[in-house]
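Attaching a single structure in structure tokens format; questions to follow.
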Amino acid sequence: MSVALPREILICTIARLLDGVRSVAVGASSPIPAAGAMLRRAMDEGQRRVRLSILGSVEHNFFTNGSVELFDSAGQGRLDAFFLGGGQIDGQANVNLVGTGEYPQSDVRWPGSFGSAYLYFTVPRVILFREEHSPRVFVDKVDFISAPGVSPPGVYRPGGPVALLTGKGLFSFDRTRPGFRLESIHPGHDLDEIEAATGFGFDHTGAPPTTIPPDAAALSLLRGRVLDELEETYPAFAADWRRDLAGATAKEVSA
Amino acid sequence: MSVALPREILICTIARLLDGVRSVAVGASSPIPAAGAMLRRAMDEGQRRVRLSILGSVEHNFFTNGSVELFDSAGQGRLDAFFLGGGQIDGQANVNLVGTGEYPQSDVRWPGSFGSAYLYFTVPRVILFREEHSPRVFVDKVDFISAPGVSPPGVYRPGGPVALLTGKGLFSFDRTRPGFRLESIHPGHDLDEIEAATGFGFDHTGAPPTTIPPDAAALSLLRGRVLDELEETYPAFAADWRRDLAGATAKEVSA
Amino acid sequence: MTANLQALARRVKPGQCVALPVDYAGVSMAMTRPLIEHGAGDLHLVCVPTGGLQVDQLIGSGLVRRVETSAISLGEAGGAPRFNQAVREGRIELRDATCPAIHAGLLAAQKGVPFIPMRGLIGSDLLARRDDWKLTENPFSDQPDPIVLIPAITPDIAIFHAPMADMQGNVWIGRRRELAAMAYAATETLVTVERIVEHSLLADETTAAGTLPALYVTDIAVAPRGAWPYGLWGKYGTDTSELIRYAKAARSEDGFAEYMSRAEVPA
Amino acid sequence: MTANLQALARRVKPGQCVALPVDYAGVSMAMTRPLIEHGAGDLHLVCVPTGGLQVDQLIGSGLVRRVETSAISLGEAGGAPRFNQAVREGRIELRDATCPAIHAGLLAAQKGVPFIPMRGLIGSDLLARRDDWKLTENPFSDQPDPIVLIPAITPDIAIFHAPMADMQGNVWIGRRRELAAMAYAATETLVTVERIVEHSLLADETTAAGTLPALYVTDIAVAPRGAWPYGLWGKYGTDTSELIRYAKAARSEDGFAEYMSRAEVPA
């Protein structure tokens, strides 16, 4: 079996971050979080039932009360984990999904806040996921707060961010400080590069470890069952992944 | 065709009170209001669609969102008419569905307020219907207000009582005064009897007219289609009615 | 995930808040005797939005401390005799409500909010007697506009009966969506069903539309004719003669005890 | 009660508030061109809870004054180009929301109450920018407990596409209950469907469970493949290549005009 692809490392890291969850929901257009949740479900089979809902999917949808049910179930405390991205994310874990520059006449307008301003407050384990790791994404202060990373005492907030996963590394989030800490660096990247690409300060040890790559069992589940499952909702992403795998194998064979 | 039975006069009076409605709901265990609404629907066929919902009926139920939908549709202003009874009803149209004497240790406990404290406020045409016309029902002041007949200015109240139909007569209700006015007396009863049987004062002309009996067309619809329709939800009531009709016919034949 | 009725009943702990559906929506009468045998008392019953035979039997068996309801009756069979006697004797705490207020309380729990506003109620003795309801001013109006706030009702357990469930624990509730509302609001939900089907109820969009997902279902037991003597929509009708038989028997405490000692679900 | 698409479009009056569903719930794309031809402008669109192609085309056609939404995008095909340009140029009023706030506003209208409380939001710029939302204190808490109140959203008209309707005007919506929520909240509801069926959808408990009653349906028109290029759950998938074709064309005003002048629903 070939070495893990970058996207496979991300998916496996997400599966690890989901350890112990009973229910997880994934927004539309989120193939990597969806694959991570599918891998978690496959790994836990026989021990713990992991329920997964993908917004907009017919197959992976355990809701029957329309699109409000995701939010209701979060409000009831039945949703353990969710993913948020962000056009901008800052060091306080504030998320901006609206746009850059002045509001409302944004220089660049993104789609909008979706459910972030609610789910960030109510889902205990929110995983921030943004593959692009650059200073334009990870800024000192977001231009618009779609959802704040932390809340003052007295504000009802059972949920919030626990981690930030990017194309370069994995951060944890400490709500009390508040701030991020670099937990590991993905293969092929280094601390200097991450510091240069991050517009906010973060904690780290002198030499953060490399992100744990998937073991053979995880990789096998991933390239078999998970890839098949993913195909229903994300056919283009699945096809692309299969092409990369074929390319990687071809390279190994020719090497 | 035999002369109208007392219950047929009640049913036809209800159908008349429902003139012009688009939607009407009837509570459980309310065969006479249900029959009145069915007659209205039959009379309006081809001119106006009358929607009828009977609580607890599978057949006559246009709701699909559980028992809350009746109340929601009333809140939206989609429900034109509803019926309320009452263990006690007073001259201000206050309704008591809870019990007599001190609360909560009532001397006589009735089932409870059901949806009255909401529907009385939100349904424009609430028809009070109580067959038993006696001083223990029609009291000067109810022991417990399940739902008030009128509200002070400033209280949101698009709905309220418009009429009171009893086994002896038909009253209208004036919200501004507020109070009842005797509009007509059913065949076989008179004003003295009604005054003696009513624990509250009411307006009336010197000689109130007799309640208009159903014409042949209405009676024919009533004893054909309406009686058949009613059978699904109220089999016992329908059988009893058929027995009364057979008895009345037998009496006429033998006379 | 199917268990027997006794195992379901054992999930109920003394002092819990238990939500039960209206007569025609799917009452799990099959659970009544197991609950009485299990004996967890001091219960706070929430009737969604009214109660009947099951509530009367639980009260008659001394398991109930408080009832929140919009009404309790046996329908065509008349008043609920054990409830009525308990009221006269002051042996249960009453929280008289009106149907949409109970729905509003459950909705607040479903939405994860502390309250839901509701029209009506003002000037009623219901409001006067409910110190847990709050009269406030509508902050969106520039005129005086009083409105009542109903606090969330969060039952520990909801119990109901439905036509079928699948092997994954999804339950078909059809258009009786108050059953879903109960389950959303409750921490645990116990369901009895006529039968378990082999196929997934969520696999087909037609059945999925009327299905309560397993996410909300704690445990399921099979109980054919489990609503009897109540009916189950689309399946079987109410056995009114049995309700009348009960109503007569339960007029006295002895009659109630005798009824409970021998009546069984008919084959 | 079936009409043609043009007759449906004529029900929309200038300045009205129009509710439209999320991409995957049943967008009546078939109504888009008739709405543009009819030309009622100055519209206030409410996206339930997000918008896409239809909203972008209505904005591009100059019919929209204000958009209330949690997001607008073309999904895999990227940002909504006419929306984005209108934002840059300040030509539409934005009411940025978050999904459950739009659901809450519609729910308030469904319940006939002026507002519904909602958790979250506090500390966001969404709340800071929405002067129609109110921050208040939870009166049921003895601790400070701020909570946001969302006012009722009462659309004049809701428009969506569904798989089928019956001759009585009942519409099958399956588990896409946001369509029901829109209809409950709206004064009028216009529906396009793939087909009309002869039997009553309410006659059978299985189909009744996923049916929006005719009580809420103002008018219906038949439009086969009426969600295209969006998909319709359980019926057909999204035509992503068409969305991409649109996204490219609509980058410029001219490209948008040309696209709108010729694209037609494929046979």
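Every chain is named by a letter (A, B, C and D) in the order it is written, and numbering of its residues begins at 1.
Rule of thumb we're sticking to: a contact is a pair of C-beta atoms (placed from the backbone, for glycine too) under 8 Å apart; a residue touches a chain by one contact, two chains touch by 3 or more.
Just so it is clear, the model here is predicted, and its values are computed rather than measured.
The chain with its C-alpha centre at the largest distance from the centre of chain B is A.
For the pairs B-D and B-C, the count of C-beta pairs in contact is higher at B-C.
With centres defined as mean CA coordinates, chain D is found 41 Å away from chain B. Distance from the chain B centre to the chain C centre is 28 Å, each centre being the mean of its Cα atoms. Chain A and chain B have CA centres that are 60 Å apart.
Measuring from the averaged C-alpha position of chain C to that of chain D gives a distance of 36 Å.
Of all residues in chain B, those that touch two or more other chains are 58, 63-65, 75, 122. The set of chain C residues that touch two or more partner chains comprises 107, 111-113, 118-119, 145, 147, 175, 180, 205, 208-211, 233-234. Counting only pairs that meet the touch rule, the chains in contact are A-C, A-D, B-C, B-D, C-D. On chain D, the positions that touch chain B within their shared complex are 109-113, 180, 184-185, 202, 205, 208-216.
Interface of chain D with chain A (complex): residues 22-25, 49-50, 69-73, 75-76, 79-80, 83-84, 87-90, 94, 96-101, 103, 107, 118-127, 129, 143-147, 175-181, 233-234, 240. Taken in their complex, chain C has these residues touching chain D: 104, 107, 111-119, 134, 136, 138-141, 145, 147, 149, 151, 173-175, 205-211, 233-234. Residues of chain B touching chain C in their complex: 28-29, 55-56, 58, 63-68, 71, 75, 97-99, 103-107, 109-122, 144-148, 151-152, 154-156, 236.
By the touch criterion given at the top, residues 23, 51, 58, 61-65, 72-78, 122 of chain A touch chain C in their complex.
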